[in-house]
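Below, each structure is written out as structure tokens.
Next, two complexes with chain A in common: one pairs it with chain B, the other with chain C.
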Partner chain A sequence: MTNGDRIPPDPEFVQLLDPDGERVEHPDYSVEFTPDEYRGLYRDLVIIRKLDAEATALQRQGELGIWASLLGQEAAQVGAGRALRPQDMAFPTYREHGILHCRGIDPIMPLGLFRGVDQGAWDSQKHKVHMYTIVIGAQTLHATGYAMGITMDGKVGTEDGEAVIAFFGDGATAQGDVNESFVWASVFNAPVVFFCQNNQYAISEPLERQTRVPLFKRASGFGFPGIRVDGNDVLATYAVTKQALDNARLGQGPTMVEAYTYRMGAHTTSDDPTRYRAGSEVEAWRDKDPIKRMRIFLTKAGIADDDFFTQVDDDAAKQAVELRERVLALPDPGPLSIFDNVYPGGSPLLDEQRAQQERYLASFEGGH
Partner chain B sequence: MAETLGKALNLGLRRALESDDRVVIMGEDVGKLGGVFRITDGLQKDFGEQRVIDTPLAESGIIGTAIGLAIRGYRPVCEIQFDGFVYPAYDQIVSQLAKMYYRSQGNVRVPVVVRIPFGGGIGAVEHHSESPEAYFAHTAGLKVVACSNPNDAYWMIQQAISGDDPVIFLEPKRRYWEKGEVSFDASPIPLFSSQVVRQGTDVTVVAYGPMVRTALDAATAAAEDGRSIEVIDLRTLSPLDLGPVYESVRRTGRCVVVHEAPSHVSLSSELAARVTEQCFYSLEAPVLRVTGFDTPYPPARVEEEYLPDLDRVLDAVDRTFGF
Partner chain C sequence: MSSVKDFPLPDLGEGLTEGEILRWLVQVGDTITLNQPICEVETAKAAVELPAKWAGEVVAIHHPEGTTVEVGTPIISIDTQPGSGSSAASDSSGVEAGLIGGPAPGGRTAVLVGYGPRNVAAKRRPRVSSTAGGSAPAAAPASGASAPASVSAAAPAAYAAPGAASSAASAPPASVTGPGGSAAAAGPVGLAGSPAAAGPAGSVAPVGLPATAGSAGLAGSALGQPMPGAVSAAPGALARAGVLCKPPVRKLARDLGVDLTTLTGSGPSGSITRDDVMAASAGAASAVAASSASAFSAASASSAGSAFAAASAPGREERIPVKGVRRLTAENMVASAFTAPHVTEFLTVDMTRSLRAVERLRQHRDWRDVRISPLLPVAKAVLTALRRYPMVNSTWAGDEIVVKHYVNLGIAAATDRGLIVPNVKDAHALSLRQLADALNNLVTTAKSGKTPPADMSGGTFTITNVGVFGVDTGTPILPPGEAAILALGSVREQPWVHKGKVKVRHVTTLALSFDHRIIDGELGSLFLRDVGAFLTDPETALLAWG
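Here is the complex of A and B:
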């Protein structure tokens, strides 16, 4: 029971934009974006990083109970998020703030959970993003079941068919639920993309605590293709995810995408990564930063200039201030809200308990 | 010596590892990190990766392989990171761990200890504040204990590990940082026994885990109003040791049971039934219960409304005088 050999550090993966901002050709994947679209991707990356930093700051100041930062994983999330079509459905973990952004969702939406005023509380169908799931891996089965429903509804097999994307981490790949979702998706040929953000750690545990083979290779054993993409390259992540989603919507079944990336920050604000990983490792990944490489590329290609970059930074800063104000203004739930929404049909026993608690609270009013 | 409850557990685990080389610790992040609450801090460094094992992220796997190790003669001590994450292991615990001895007609012992930080009050997000004890206490073949103070934490974890029963070991996570005296040399009381932790004459308040502190605080406050509360720390939830409870209630005539878990089909349901059966002619009032509500554990900003506190305990104590 030793720690095992390290997973080969230099992975073969699909890359279209290298860390130095050079475009790379790939035989199977390419992107064709207009200058506007390129600038839009850059903007997404910067805004989600800024809002994420603001949430971290809010936690430090006691305004959020906890925060799970996406720092370092922006390209993986924007690539996947922008590859989704309006009719597609996403099942996130607790870290997919960038996916919500790409779906056009108000950034305040997930903050209730982290502030402790609700437990998600949004309508999955309306936003086409299910609520955050904290229990590791559980949502991959929900995604698969939802995808089975798409097939049963006859909504696959055409260009405008529907597809599902399930997000999970490298740690989650050890869970029974995730492996069972692979079996189900395969057996029922479900239109689902399993999008694994391999950020190299599950809290303190490095990848080799979960696997002895590169994660994307797991898929073939279950009977569907797996592919590894440079998760810090927004162009490649977009291209690979789009292809996988299109295959799903056309009725060709599941794909696993392993977005090879790195969690630059702590697991959450409760975590202290200096206890288990070297600063030099983090530094090495800083060179592969997803935003830096896009900026170099856009500049060199003449798609964007300093004025544009400054404008994006200013917009992001403005959005962060706005978000902060709105977080501070989030109302606390009322004491009796505890009893709301336990059963769609209500419960006489619970009604009684609520009435009792109401009387108890009232007994404090007017001096106790 | 005064130690925090968390440190006392750490010292108890250390002593268990030292005294029996078949003891192994396993769980998510228990090695290099020392666990998210640092309960296993420094143990992998001193006992090696073979004795303190960072496992893959899968609770069913943790308990299932612990059972295999136990069949092989090891004494695994599993950490479940938070109460709400024990459920993926539920099948292994309830259908496998609990029933192995019975099914093998006594041939196979599986001395696995499952440590679970439980309960709320730490401002956490969902699944991090639950009280799942009733699920396990309901299952024959499992023993379920909850420590409430550093001295008990230190001794009870060692007793749980050295016994041959599978034990669900509940740790009151919000009390991890509270300090108390630990007598390292005194011999402890038996693991499966409850204990009077404050003597009184008017009402018996029974609690366990995190609520013992709350009950003691209530007793202190009540004393100022001239009311004498006896507090019993249940310590063992399965089997129950109700001798001290019956003895106390026969003297006081009143009983209040306190826990964070919902009341419906709970430890307090069981206590109320048994105390009523055994102390019927001594009771001046029905057994009252102060518990979490029969709802999912609520968001952090409203958890204080959900959790039993000093006022709710005192309110119930008052009500026992209203019959």
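Here is the complex of A and C:
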């Protein structure tokens, strides 16, 4: 069975930029960007793709333990990431490298995590991005709880209010955690946007074996709106996410956004997608590439020329080289660092264990 | 400093220990760029391309295509400053071989993502002696063994053992088999292994052991001995305690009958490697062969050029690692043979009319470029019969039978890599011409070794054409998950009663094996009879049932 036997291959979704780079109008959504902003979005897309490819190569060279590639999902992440306002809080999965980019987090951060030299080292308070969550769907509960919390703190209900966004994939929609968070968010009117990147596969399991209804329609059963957007269209994703976030910050409760996209690469570097999907399917999605359509649009609209595109490619390549050099130079963590960042201010029991471990390590030749 | 760097095979997927090099994409002498694909590697999880870690010139490729390489082993050397003239010893910037890798992944269990932890002993570092620091320098030279100078008191006794065992063969560790408790054995092993150091080692060993050293585990670790071996050791196994060697190599030595205590290790820290054991085994074999050479000399002369080894050659027996397609085939066959109760029925049929039909098709201009084998009418006969008896196209799924209303028709193909069974997807929906093309593609792709894994899964019924090897028929084993398989024997000219007279006809024997849990003798017989009827008279069968 090929993907899409039960789910319509061309779903009804919000689209502002079609695969051929044509701007299309939508009755409810539109975007107003300056030429600089348009070029900025394009630059975001290219840079996160390039850095992602470099990370994949580093894994193949033995420098990362594993890597979850975002290839194909750039527009969904940049659209959502750029729709966030500084006060908004994001709860990512382990694939949201594009969200980290949009939040100004140093691109080496996720690589340090997957190299195993730290547990995720960005300042989640400063950047307002929670740590990567490996447990599938668990972050939707964290996000819902956080959203309920800021409501109690009185930070919701004005135009400058705060909002929360939880990222997850199509596979996570089958998790209890996600459904529980839907219930809580709905009942407590929590200011949270459930942003589902439907990349068509839960590792190897195709969408039609995960659901009989389009995912965004699940939301109505829980009592809040759901909407599907072309996740390979950065403009539409931005517009839809921004609207959902604004509704949340004004106190109008949760929204589910299903960004309909496709994972062009493997689930992670440990996965071989040729074992469960046909090459023709991948080729069909290649025509819907998020960067290609943006490039055509910018060219036709006269917003950017070949010099600009070349410049962006050069910048991205340069950043990739820098990233590689910095990753290779990352120091191995000291064995005692495992005791850091457990309790603020420490704990007597852990302090004792730490001292014990220190004595043990000192018993080896050459120290540690 | 040399500008040549070795690239070790990385762990490509969370705990893998080895990978097979499928294809090299570069050659020695090539100038390559950073991240340029250099080779394809297949692991237990995925076939992937490896990008070059450095730009430069390829100066060596260490393993040919088709070899399985342990993680951590250098596979390619790249000169990052070609032309600078330094092609001396290379820098191994990678992981030290021997740290990662180890036993074959057979004993591992799949978990949600990835595989369970690897079951290999960690390499242990020498401990500082807390009180006998002063005696350490004295002990090391006194032992006179091959222990590294930097290793301290407790360690020399342990690490010296392998080397010393060969020089002091008169006191092999094997003599220390006393049942007196494993903790006690720790000291004696050191003593036996390095008699010259007896005094210092004897006094140092208890100090080097942690105060709680009452367990075999701790004693083992203090000896630099991999824990699992020590923990599970029967009293006799303690005899090996002084030998540094990975568990799979121990097993290999046991299988080949090589006494590890007689070897000098060439691996890290003097550990005994697979190659050491193989070399010792080959040496022993040739010694035996030499001593009996006269008895076999005539035989070796006459067998020259045959597949059998001459008596004096080292390769009297060959050990072929069970892996890849062979392992998969074995697992499938065992799984199927011992879960599905098979029965096999036979039917000898006159295929003359089918072959004539094939011949007429070959003459037809629409079919002029198509290769048609007798497999085509057989496939069509099977598809036609399956439509009439869908239960034959089903799967036993425990408490239910899954009847498939589509046919993914598997064709068993012999390839260089072994038996593989790709299938034609949705074969029931194909026209005869499409079926012929699909069969040809399937076989061509299989022979070239490029069958994608997706083509090999999801089969619902399989045909195996053993006739191409010239045999009459066989009793095929079901592919797992399928309820029936048809074997096609060779088609021969034979005397056959045709229209009341004995004529020379093209006759073959069909064999149908089926899962007796699903298919009763009646159904199996009806199905096989229909296939036979189709091949005997394809035109009528097509008109009646097609």
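In the analysis below, the second predicted complex is superposed on the first by the 339 of 368 C-alpha atoms of A that agree within 3 Å, B and C clash if a C-alpha of one lies under 4 Å from a C-alpha of the other, contacts with A are read in each partner's own complex, and residues count from 1 in each chain.
As a working rule, contacts are C-beta pairs under 8 Å (C-beta built on N, C-alpha and C of every residue); 3 or more make two chains touch, one makes a residue touch a chain.
Just so you know, these numbers come straight off a predicted model, no measurement behind them.
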A:145 touches, of chain B and chain C: first, second, both or neither? neither
Touching partner for A:119 - first (chain B), second (chain C), both, neither: first
Contacts of A:225 with chain B and chain C, given as first, second, both or neither: neither
Touched partner set for A:40, first chain B, second chain C, both or neither: neither
Partner chain in contact with A:57 - chain B first, chain C second, else both or neither: second
Partner chain(s) touched by A:335 [first = chain B, second = chain C, both, neither]: first
Contacts of A:21 with chain B and chain C, given as first, second, both or neither: neither
Comparison of chain B and chain C by chain A residues contacted: B
First (chain B), second (chain C), both or neither touched by A:266: second
Those residues of chain A which chain B touches in one complex and chain C touches in the other: 65-66, 203, 270-271, 275-276, 363
Residues on chain B engaged by chain A in the complex (per definition of touch): 28-29, 31-34, 36, 49-50, 53-58, 60-61, 84-85, 87-88, 123-127, 264, 293-296, 298-303, 305-306, 312, 315
Chain A residues touching chain C - in the complex, by the definition given at the top: 54, 57, 59-63, 65-66, 203, 266, 268-272, 274-278, 362-366
Complex contacts: residues of chain A adjacent to chain B: 1-3, 65-66, 112-119, 134-136, 171-172, 174-177, 202-205, 209-210, 270-271, 275-276, 332-335, 337-339, 342, 347, 349-350, 353, 357, 360, 363
Touching residues (chain side chain C, partner chain A) in the complex: 7-8, 10-14, 35, 45-51, 53, 94-95, 113-114, 125-128, 130, 150-152, 452-454, 457
